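In the two complexes below, subunit A is the common chain; its partner is subunit B in one and subunit C in the other.
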Partner chain A sequence: MSGKDLLRRVTPGREHIPIIATLAVLVLMFSFGAIRHADRNFASLYNIISLFRGGAVIGIAAIGSTFVILSKGIDLSVGAVIALASTMTAKLVAEEIAPGVAGPGLHPALVLPLVVFLGLAFGAAQGALIHWFALPPFLVTLAGMFLARGLAFAVHPQSVTADHPMIGRLQDIAIPLGDRFDLPLIVLVLLASFAIAVLAARFVPVCRDVYAVGGDEASARLMGVNIARVKIGVYALGGVMGALAGVVATIDTGAGSPAEYVGYELDAIAAVVIGGTLLTGGTGFVFGTLLGMLILGLIRLIIDNEGTLSSWWTNISAGVLLFLFIALQSLLTGVAGKRGK
Partner chain B sequence: MSEPVSEQNEVLLRVSGVVKTFPGVRALDGARLTLRRGEVHALMGENGAGKSTLIKVLTGVHTPDAGTIELDGAMISPSSPRDAESLGVSTVYQEVNLVPTLSVAENLCLGRFPRRFGAIDWRNAHRRAERALFRLGLELSVTRRLDEHSIAIQQMVAIARALDSDAKLLILDEPTSSLDESEVDRLLALMDRLRSEGLAILFVTHFMDQVYRISDRITVFRNGAFVTEAPTAELPRIELIGRMVGKDPEALRVREAEVRARHRTRAESESLARVEGLGKRGRVGPVTFEIGKGETVGLAGLLGSGRTETARLMFGADQAESGSIRIDGDARRPGSPREAMRLGFAMTPDDRKAAGIIPTLSVRDNIVLALQSSKGIWRKLSGAQQRDLADRFIALLNIKVSGREQAVGTLSGGNQQKVLLARWLATEPRLVILDEPTRGIDVGAKGEIESLILDLAEKGVSVVFISAELEEVVRVSQRVVVLRDRRQVGILEGESITEHAIMSMIARDDGVEIDHG
Partner chain C sequence: MADRSEGRRGKPVAWHGGPVMQALIWPVAALALLVIFNVLFTPGYLSISVVEGRLSGYLIDIFRDGSSVMLLAVGMTLVIATGGVDLSVGAIMAIAAVLSASMVTPEWNEANLGGWANAMLADRTIAWIGVVIAASLVASVLAGVWNGALVSIFKIQPIIATLVLMVAGRGVAQLVSNGRIFTYDLPALEFLGKGTILGVPFSVIIVALVAFLAIGLTRLTALGLMIEAVGDNDTASRSSGVPVRAIRFMVYMVSGLCAGIAGLIESSNVSSANANQIGLYAELDAIFAVVVGGTALTGGRFFLVGSIVGALLIQTLTNTMYAQEVRPEIALIPKALVIVAVCLLQSPEFRRKAWGVVRPGVRVGGKA
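Entry: the complex of A and B
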């Protein structure tokens, strides 16, 4: 490899700018917190693990949202799907739903795959509506959001404890880090999911089709891409990741609730966008979504550490940050559009 | 032009008797086309000639109702673009049909990635992409996004992709429309190179010069039917144009003598405006002409010659990059339709459905629209004023409606056009730009639109008139700006305006340099 080739290989292209900006913001914020709250041991392993643990449900779901957004779609049903999945999981495994009321008590080894499969079916159905009936994703997944939320309440009207011995055992799964901390199951699922998704996005041909469809659907069709497979596939993946997030959340908290996880779809979208994926489709990286998730968590952590600031500052900061990222994106796509002409 | 391809070159493609009917339209009516290996074959025709329908039949987008396609000795009936590609028919369209957000290499490999252990082998993909481009004499960074490269390069990447699948026939559909001159040179050189490798190229374009520079043979279609096929060297430009528009140049010369006899005598009028070197790179220009008060200026040229583009620059619908319009002693360059409206301009666009008429609103609403918007939202026209205005124009333009509240979408094409015209006349413009006002309306309505233009002129309103039908331009214009290949090639005035004169001006080989002022 010549020097010029090497240089070209390590020089980031324009498509890398958003994710580099994201990484810079993450590093800056973390350094800020670490310096400002050095007395509170901000940069501790505990804080870092809790960043991952706190963001895991959103992060896992956001992997699905990333592919949906890469295909130029949007999925608003995610939060409701998480709630539905968690309620179903908890109810189906519960040996006792309320004092003295016996539950189905099904084995998690049966329930977990079942719930994830239902998530897949739910997402695929949304994708099929969007593709075959040419309906706008916004509306279809909005309807899906109401439907899933309603179904969650139909499954069980209140929070239900996942009362099954196997759940307890699953909660004990963890990889020890040092002698005081460990990575719980939910973080392991998060990291594994991201690892698979990052590699798939780069090396699995059908994932490149997602980028192609998001970049220019008409062209992609003429280039022989199977549009139906891509479009139905991304929403199916959205359903799977939503359900998976619901399942691991139930294991982690030991309960499922139809009223929880409201607005998680928006957090997921925020993580995707902050992570540098363009809402215009076709451009972005799955890894950026993980960074986006961490940034959202960091905002909360810093505000908490400030002590004097109220919690709404979390949302204000997230809002401001989102604005900045959208502005950056439109600047970049604007430049791209001009050059293309 | 390279050495002409001889008749004995092996025939690759033979299309015969192809018919394709759409509801209400016979888009192809016995289409015929013969392509030989190693030739560049130009397919020419005006609007509605059936060029794009034929391409869509060849690429499997449409299934023909009748007729046969023979490729390389075998009958084929492609069922999809992909199917056509696998048969050896690849197409590159005017709009680059690649994904701008993907890398060059990915655009070349999408759908056929080299793999290792099931995963995409990127190193191999990049190497393959570089090789495919190298074959076309291109060296570029294949890992960069496609939209970081110029349109010309993108076009060539599209060709590289098309050739990657063992193409025997390459269809280039208006490939040069968005290219500048040096880019066109590059593309033509590439076509020459591919031709010498034995590929057959079907070149669909409306650029006369390029046809004569590169093509070996020409086939002309008109109204969906085959008109002629001839070696390029044996078909003079004037003949070609005559066949495209369906006029025999010689017969015209005779008839026009009569027309001229009763042609208007042009009253010397004072100037309203002077268009000075108006132009935009890649679109049209520079264009320079005078518009007198109450004068009708025709813009004539073949499809794609820059007629509509000129109109849009004048009205600020597109922003001119050079030149200006001298009016009221100032040099202006309208930056938006609003500015043009303030100068007293009005324009009816060529596609009235897409860019003018709001079909679900009433005739009255459609008529008051422009006047209301020029007054601003705070000075609302009263109901009575609106009704007066609508009734006045319905009577004036003889718009056939059941009442002023009828929805415009339910009117005939000619009447819709009149409503559109009424909308602009209501603003009392000094200059009305009419882009193809007679397209797609019946003969009677055409006559009415024409006489309306003459009425306007009498009232002192200047008109810029665009029509694909030269007769119409000749009938109504006192001055005709002739355009070819997006340049002005000349101006005709008064008596000298004849169809034959326009056609020979378009055909003139050396017309490029003349008459910019």
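Entry: the complex of A and C
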């Protein structure tokens, strides 16, 4: 690789503007919190780890949403799929569901792949309806959301404890950071998923096809891209990541609940958009979604630290940030569109 | 969409009838199936009796419980006809509901409006409730203005533009009430959801008025044509003098207004307003009602009557579950399956493939 080539690769282009803005917002917000709450040790390693830990379920699921949105689709079923996966995992591994009631007590090594595979099947079915019958994505995934939520309640009507010795052992997996903190399994899964997804988006041909389909489906078809594989694939990935998020959430909390994770699809979409991925499809970075997830977590953390602000300010600030990023995007795409003409 | 455009050009495919009939056939068939199911399995399903001067029965319940979905569906139809969608209606319902419940709570008035409001609440209750309703509806219309501005001025895709208010709206509602859930005991305000006129639920009368007004204004004037023009081709409409920006603004304002009325009805039904509960998932039901009713999400044409039928269909389904004593959470499963089934039946792509396989040679909608 020549020097010029290298320079071009590391120089930000216009497609990088949203992600740079995201990074700037993240740094500014963190500095704000660190200075304002210096007395409360805001910039501590503990807070940073808890940002990752608290955002992990949304972050893992949002990887799927990123690819779906890159393909110009949308997946509203995420939250319900997480709930379904967590309830199924907890119920299948539980040796005792209620006092005196024996559960299936299956080994997690069997249950975890099974649940993730069901997530794949669920997502692929949504993708098939969307692609083959040209149904609108948000309607299909909306129905998927109802279906998964209903199925979760059918699996078990209340929260169920994942009562299996192996779950406890999985909870103990952690990488120590210094002598006081460690990275729990859920954060490791989050970081590993993002590492794989970032690399895949860049180097795996099918993942790059997602950008082509999201940018212009007709052109992509003419270029010989297998549209069916891409479109069904992104929703299948959405199902897999939703199920994975549900599985690790069950391991982390030691329980699965059919009533939890409501609205997580919106948080995932917000993380994707704040992370600089255009909702019009075709432009964006998986890494940005990680930043988006951290920003959503930071909003919560700062509001918690303020103490006087009520928790509903979280919703409002998330909405305002979402608006700012969308406005920035529409400005950028507007300028780009005019240049194109 | 080949079949529809052929119908429009006056060459309807044999058994289809006009585009309106064509749009209505599936939801009406589904509704009929559901009613037949209920007649078979729910004793006394069709009977309507008069209890304490008000009509009562399963069929009446569908109309009464479905009034907010029907209202939302009317506004949503117009938005979708312009090629948009309004995801924020549930949040707007919450804002209107919480504002109305707050304004009839003396301590909230004391803190936010001053003593004059409470004096008016005590002395001229009816007039004050008029003010409360007006304020709630103005707030809802303002929410619509916000959506309209994002869509028509900032040119943001409607799904995303209205997502902002969907995320932030419930926060705004909680900000109004300071996170509290106010309950009230005011027959005049409760009349919206619980009252009856000549035995007919007042909320159903409101729906009928709004629906007739919407159908009249869009079908007897050029307004409906303009809305369809905007949804069909933005640029061509602008070139031919259609006030595209104003039309876009208007449909989101109407949708906000409908959501506001629905929010007032919902909260007066339970005499309280919980910002986290009022209108939760209402946007989904409304969009479903519209799509089932034959209005395409791509915009360009709309069927208000179809949307009303769609709203009744989803409410009938919900009430059927209750009658069969299915737990509300489990009831989501059949709801999802019906949504997918009806959407599939309406998808030209599905009909072409399914019919093409079953009866090769007979293609619904001709060339595709």
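Note that in this section the second predicted complex is superposed on the first by the 331 of 341 C-alpha atoms of A that agree within 3 Å, B and C clash if a C-alpha of one lies under 4 Å from a C-alpha of the other, contacts with A are read in each partner's own complex, and residues count from 1 in each chain.
What we mean here is this: a residue touches a chain if its C-beta (ideal position, glycine included) is under 8 Å from a C-beta of that chain, and two chains touch if they have at least 3 such contacts.
Bear in mind that the values here come from a model prediction, so they are computed numbers and not experimental data.
When the shared chain is aligned, no partner comes close enough to touch A:176: not subunit B, not subunit C. In the superposed pair of complexes, A:100 makes contact with neither subunit B nor subunit C. Once the two complexes are laid over each other on the shared chain, residue contacts for A:307 go to neither subunit B nor subunit C. Which of subunit B and subunit C touches more residues of subunit A is settled by the count: it is C.
Legend: residue contacts after superposition of the two complexes on their common chain; A:330 is shown touching subunit C, with no touch to subunit B.
Residue contacts after overlaying the shared chain place A:202 against subunit B, while subunit C stays out of touching range.
Subunit A residues in contact with subunit B (one complex) as well as with subunit C (other complex) do not exist.
Subunit A makes touch with subunit B in their complex at residues 8-9, 13-15, 202-205, 208-209, 211-212, 214-216, 218-220, 222-225, 281-283, 336, 339-341.
Against subunit A, in their complex, subunit C makes its touches with residues 85, 150, 154-157, 159-161, 163-172, 174-175, 178-179, 275, 284, 287-288, 291, 297, 327, 329-333, 335-337, 339-340, 343-344, 347-350, 353.
On the side of subunit A, the complex with subunit C involves touching residues 74, 129, 132-136, 138-140, 142-147, 149-151, 153-154, 157, 258-259, 266, 269-270, 273, 279-280, 310-316, 318-320, 322-323, 326-327, 330, 334. The touching residues of subunit B, when paired with subunit A in their complex, are 81-82, 85, 96-102, 106-107, 110-111, 113, 115, 119-120, 122, 141, 143-145, 147-148, 151, 161.
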